[in-house]
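Here's a structure for you.
We call the chains A, B, C and D, going by the order they appear; numbering starts again at 1 in every chain.
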Amino acid sequence: MTITARDTTATTLPSADPTTATEVPVDLPSLGTRLEATRRLTEQLAEPLSPEDQTAQSMADVSPTKWHRAHTTWFFETFVLATFVADYVPHHPEFGYLFNSYYEQVGPRHPRAARGVITRPGAAEVGAYRRHVDAALAEAIDDGLPPRALELVELGIHHEQQHQELLLMDIKHVLSCNALDPCYLALDHSPAVDINGSVPAGQAGGSPGWEPFAEGLVEIGQPTDPATGFCFDNERPRHPVHLRAYELADRLLNVDEVLAFIDDGGYHRPELWLSDGWATVCTEGWQHPLYWQHDDNGWAVFTLGGRRPLRADEPVVHLSYYEADAIARWAGARLPTEAEWEHAAAAESFDTGLLDLEVLHPRPPTPRRTNGAAGSGAAGSGDGCRQLSGEVWEWTASPYVSYPGFEVAPGAVGEYNGKFMVNQHVLRGGSCVTPPGHVRATYRNFFPPSARWAFSGCRLARDLR
Amino acid sequence: MTITARDTTATTLPSADPTTATEVPVDLPSLGTRLEATRRLTEQLAEPLSPEDQTAQSMADVSPTKWHRAHTTWFFETFVLATFVADYVPHHPEFGYLFNSYYEQVGPRHPRAARGVITRPGAAEVGAYRRHVDAALAEAIDDGLPPRALELVELGIHHEQQHQELLLMDIKHVLSCNALDPCYLALDHSPAVDINGSVPAGQAGGSPGWEPFAEGLVEIGQPTDPATGFCFDNERPRHPVHLRAYELADRLLNVDEVLAFIDDGGYHRPELWLSDGWATVCTEGWQHPLYWQHDDNGWAVFTLGGRRPLRADEPVVHLSYYEADAIARWAGARLPTEAEWEHAAAAESFDTGLLDLEVLHPRPPTPRRTNGAAGSGAAGSGDGCRQLSGEVWEWTASPYVSYPGFEVAPGAVGEYNGKFMVNQHVLRGGSCVTPPGHVRATYRNFFPPSARWAFSGCRLARDLR
Amino acid sequence: MTITARDTTATTLPSADPTTATEVPVDLPSLGTRLEATRRLTEQLAEPLSPEDQTAQSMADVSPTKWHRAHTTWFFETFVLATFVADYVPHHPEFGYLFNSYYEQVGPRHPRAARGVITRPGAAEVGAYRRHVDAALAEAIDDGLPPRALELVELGIHHEQQHQELLLMDIKHVLSCNALDPCYLALDHSPAVDINGSVPAGQAGGSPGWEPFAEGLVEIGQPTDPATGFCFDNERPRHPVHLRAYELADRLLNVDEVLAFIDDGGYHRPELWLSDGWATVCTEGWQHPLYWQHDDNGWAVFTLGGRRPLRADEPVVHLSYYEADAIARWAGARLPTEAEWEHAAAAESFDTGLLDLEVLHPRPPTPRRTNGAAGSGAAGSGDGCRQLSGEVWEWTASPYVSYPGFEVAPGAVGEYNGKFMVNQHVLRGGSCVTPPGHVRATYRNFFPPSARWAFSGCRLARDLR
Amino acid sequence: MTITARDTTATTLPSADPTTATEVPVDLPSLGTRLEATRRLTEQLAEPLSPEDQTAQSMADVSPTKWHRAHTTWFFETFVLATFVADYVPHHPEFGYLFNSYYEQVGPRHPRAARGVITRPGAAEVGAYRRHVDAALAEAIDDGLPPRALELVELGIHHEQQHQELLLMDIKHVLSCNALDPCYLALDHSPAVDINGSVPAGQAGGSPGWEPFAEGLVEIGQPTDPATGFCFDNERPRHPVHLRAYELADRLLNVDEVLAFIDDGGYHRPELWLSDGWATVCTEGWQHPLYWQHDDNGWAVFTLGGRRPLRADEPVVHLSYYEADAIARWAGARLPTEAEWEHAAAAESFDTGLLDLEVLHPRPPTPRRTNGAAGSGAAGSGDGCRQLSGEVWEWTASPYVSYPGFEVAPGAVGEYNGKFMVNQHVLRGGSCVTPPGHVRATYRNFFPPSARWAFSGCRLARDLR
């Protein structure tokens, strides 16, 4: 597939990052245009998948592709059409039961762990459902919707973008369970991924550089200024946080480092792990990151393009928080807090998100400027942090809680974020399967510490003394 | 669908019942013809199902439709082609891993509970796999196969017939989990089912008649005489069993009786249940047989033709052993042993199996001859037992164990039956979804006592004193 | 402890075995005397155990010692005193809740798996409860009880004997979970057990002898003649069973044979196991019988007298049905049915039960008479089967079901046996921890096929052709 | 029992709160004296418990009383005696295996969930173990120990104090599982608890007062100055935190408020709960706080003194975080962060801990000074917060994570706190079963959000705008 999402849309999407405001195009695409582009991308992502592929659910956390397609449609139907369009009749009376995810206030739902049993509506009928709702939405927008409805359309766009990434995470898990090692797309591994030539283990360029940041009171989170564009409720309010002096690795944790951890017995040494993490290692029998495989030919990794050899210099992806934390401890480092990460990211030019359908796997870092005369940001003094976005979500040391002064949106959409603020950790940055324009420096993703099927990796941090 | 399996094939298939030998057609269909008919019927049964339908697995016991289609193919490929055809190359090197069910001696397998995640090969590719193996089998039979190979073809036919019934049981369970109440086929409930007109609860003809059998030493099981046709290893050897005098209900347990049990608090009275059964009732929250639903409109039942009202006079189906046992106890009766059942069935003209695609649900009994002058069998003195086959499998009081002198077949096919001889109970008779010609009076089906998704019901028995 | 239960009571207890009627003392001890002896033995068995020992519950199947002491007391209190003594006031209003085991018709109960949390009443207070009920029972018997009450006293005696064995099984499991390898009693392993001198593995006398039995119709079960003494309801009615010709090993399966099974990879070869058995092996990680331990010093076994080396010629004990079945299959044999076993036992002089507090572990067989002139029974032609009682319960191939014509006792005591007749297998013979006079040739013990904490072993059987 | 722990020790123990430094006694008790007093209190707490009581474990989180007594002894033996006393021989070679709790670096351990099966050593033998180690410790201290060893003795004292509270929490849970509603001690409920006379529901004084705190950068945590006395590693380093303006309820959440929550359907309204909390409510069937019971006589509560009626004005105890969070949301409030709480507590005179053996249950607040002229602290303007210590641990909104710059102690004691820093929430303040002198304003307790068996309640907080 020669047309990548990045090529066609990256320049036309707004950046939500206030620090890079000059890059925002003057002519914002209209809401309707962005809605249409988002809806189209979902279908484009489902295109390579057969009806069978779109039906399966490989674990409770995973949803079938066609369920994602239907649920995102239900979201618009329920919160926009059924609420704001006077005579709107839902496409099917039972679809609310089947495709509500977790909105308790909307009504009862099909059990989450059994979404794979919903064989009907089939993939084609879900397509018809999407077109029905798309048409009704377009008409409603044309006819004029009140501001609250437009806000919900905007929310629905960002919601659907989240499900685009989930769709790819989930189908990767489904396909990985099949001994045939099937491909989502036939990725051209070598030219797209292999920037530096194949790098054997132990020769991936050695230790990372370290970017220092001074102690001080910084601000994180989104200002309430509407000019900054859309953000989720959990990114607000912007507030001061005191940081000690710290430094961040200038690249992501890579395969070479994790192989050294494995060789050093890391998965067999309880003293390196959080107590709950060690219990999980023992129960699950973890010996390496998810999707890694070892056989007589050495280490390989399952990707959306099938199975291929691991590269020493590529970022590690599909780590749990427990693993990221243990590897950091083993390395004499720690994970950054979300405030430390955001402070560093605010100092950099922040890429607004990728999703190159020829890649779909995190790439090695670009080589450093050999003579980095000046750092790019006020906080750091080196060449800045690479790979802050577009490769892997970075686990932070911060549990997912509300910011001081957080306010939940009224009604059922108030369930969107707030009710998950326990037993999860924040991830930052966005990954190679995050849709264009979706992430920001202030964006807060979150998963339970045992989750590994997201495109999650990490960056090391250390106290500066 | 106007052409039923029964219409086209029932008269051309051999009866294995020696007591009805005169009904066996003189011209037995050749093995190849029967093979082809069996293979065709499987595809015919899968025909109404979409690729999505064919992929889902609703619980560990259920297998996806396309898995059944592939597994039965793998059975022929592995035990016949790969073993007896010198240069045969398996269709795909990984299909053995994916489609081996439980043959430990053949090699490792995809986990049973995760068959729903095998999205590839898809339904169409499974069709190609089937055609490939069909062609190779036909050629091998034409070229001549040794007797042991022909026996395994015969076994493969009966194996595939068992999976035809499993396919229907399993897809019924899959579809039942969907709030849309989807149909496998649009059955014409009323004319096909409603023989006597609608029968309200409490007016289903009262108590059953009772067919008496005298005390004595009887023989059960298949003789070794090859003229009796195919049987499974677990039906042999034929052996004497001493029976006390007993009587059997002349019809199956019906809905009317189970509604009375429910009204009498049957699902809330531990004294009626086996200890393990009561624990299951409490854990699972059973309040009625599987697929029954109660709402403001009264009792309905989910069938392969969707949801429809219950009829008081139809046989109860989808009972566990625990329920059958408890209802029998409540009724002052008990379940028959398999010897009692077989002794009675041997005295009757035994229908060789049904599967009418317009019915797919057990039917009420035909009315009795009003002036039943003479019983049909030596053992009984009444009009004989109705509904001994073709409606529901009948739970017996007999745990599934080997007959005295049982010998397991050598090699992997020896795993077919013997290794399941614990923690299961025998069912007899065959159901409305059993393929034509599959069952015999000596046929031993078996399920764990908690299983409810088979087409299982029961017939009451009592001691005669 | 020099006074063994056997020494003091064996000669004064009635044998229920009609074949050994001449050994029954002319003066049957009165019911009251036997009641008192039984009640005393329970306390004698609890004597070596501290209050702490008497409190613990190591798994759901195990009950604490003091719970057994209280439950057996509750049985008499509930079914005799509260029912037949007009003004009897239960010792404590909540003891019924705490010490009812499984009698649904008596009322709700403390959860079985949480009996270990009942710290009060303590061991001493349970003793007071026992004395209170003992006194009330003695008085009631003196005052005269109706026949039905006396039958229930008789039942209570046999019930308490069953709990005496359970008490020893259970405390063995409790103590085995402690790294200190604590002793119940300091058994003198060598003289009591070591009859033939230490026998290394592989030299335990080779294969067993085989005792043949002819084909024919035999009778099993207890006649209704009251002169035969007490039996449980599940032993009746006596009824004919047809047996093929068979032979039984003339001794129990021994350690030597199981070590050979282990050396031959028996615990790693699925083809030797029932399907449910293999699943259990994998889930539980079984590598050898329960209580065996292997370290640098070789094989040891945990006994009620602590840990000691295994002897090659001692009977294997603490096998599950799954293991007994697999080992028999590996040995080219099978397990006997309960009818085969009882037919053989009826032909032998049947020991009425042991329980030597200096032994508490099964002993090697006594050497054969070198010149065995005549077999003892009509059925066999050799020297007869040794070790039919007093060493280990022998797993049979027979699932535990009711005999033809079985009738459940009315009322709550009807729950005693019948409701367990599913998912269990019958064991025969009685063990080294069965109290004196408790077992008979017709006695039917039963456990689920995965249970290993009973004193269970097996004897091999084979078809004779 | 007329002598309370508070009376005898409270005035002699150091306060770790730097803001109340003038209250620290000039003559610190020597380490040896404090060690002896702590060791003695443990035995005093175990005194009312029988050997049976001391053995039981009612759930995996609970440890038996005698296990606590032995484990705290093992802690001193392992980290002090075996490490620093040259010729010390452990009391028993297997006690390390039995009584190590979670120190992976010390070696393997008896499984946590099976501590109830350790019947030996018994309660008396554990007493002997304690005396043996006490004597060796006293001798070692007399002989002179290096500073690191003395630090570990100090740590061992605080460790044992934590287990004193656990001992009481745990035995309360054990006793609560018994239908007899047994007492730990016969508490005199009325005079000790009933300060204001019985207060019916709905009349408990209405809403709390609210204590305001201004926005600003505050410091929390212990300074490194050794003059501040002992603290755990997780209380350091002291560091700045920015707080928004907020207010705290001037008393704990009380029974009256929770009854109103229940009456308002709080346990049946998912919109009030965190997602994981609601799942727990559904799975566990929660309808009210732990140990509450409702019957025809109204609401009662199980206490260490048995069962008694609830009082409307007493603090609610045995709440999970999920419940505290949901009730706060229902009340239009939230839980305070640990920084907010500590900032408020630093402004108050901080009671150093209670444990009155006549109370053992949280008490209603003392009445306010009717004319509160001046608040006690700089931050607040009212009368200050009551009940900041000595009644219940207060759940905070803060997940338990390390403070910025946290350093783990080297060696196995480094496992003490750090490895639990995930999936837990911080509680502050200390409870009615916290031993004297144990807590500080900086003290961080922690439990998983579903835990309810600690003496945990909460105080409401609100943003000030």
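List of remarks:
As a convention for this text, contacts are C-beta pairs under 8 Å (C-beta built on N, C-alpha and C of every residue); 3 or more make two chains touch, one makes a residue touch a chain.
Since this is a predicted model, take the numbers as computed values, not measurements.
Using CA-based centroids throughout, the chain positioned farthest away from subunit C is A.
Between subunit C and subunit D the centroid-to-centroid distance comes to 49 Å (mean Cα coordinates, whole Å). The distance from the centre of subunit A to the centre of subunit C, each centre being the mean of the chain's C-alpha atoms, comes to 61 Å. Separating the CA-averaged centres of subunit A and subunit D is a span of 39 Å. With touch defined as above, subunit C holds no residue shared between interfaces to two or more other chains. Arrangement of the chains shown, judged by which pairs touch: one closed cycle in which each chain has exactly two touching partners. Note for the complex: subunit C touches subunit D at residues 50-58, 66, 94, 97-98, 110, 114, 116-123, 174-175, 177-180, 182. Those residues of subunit D that touch subunit A in the complex are listed here as 102, 104-105, 217, 239-244, 270-271, 273-278, 321-322, 325, 337, 397-399, 401-402, 404-405, 415, 419-423, 425, 449, 463.
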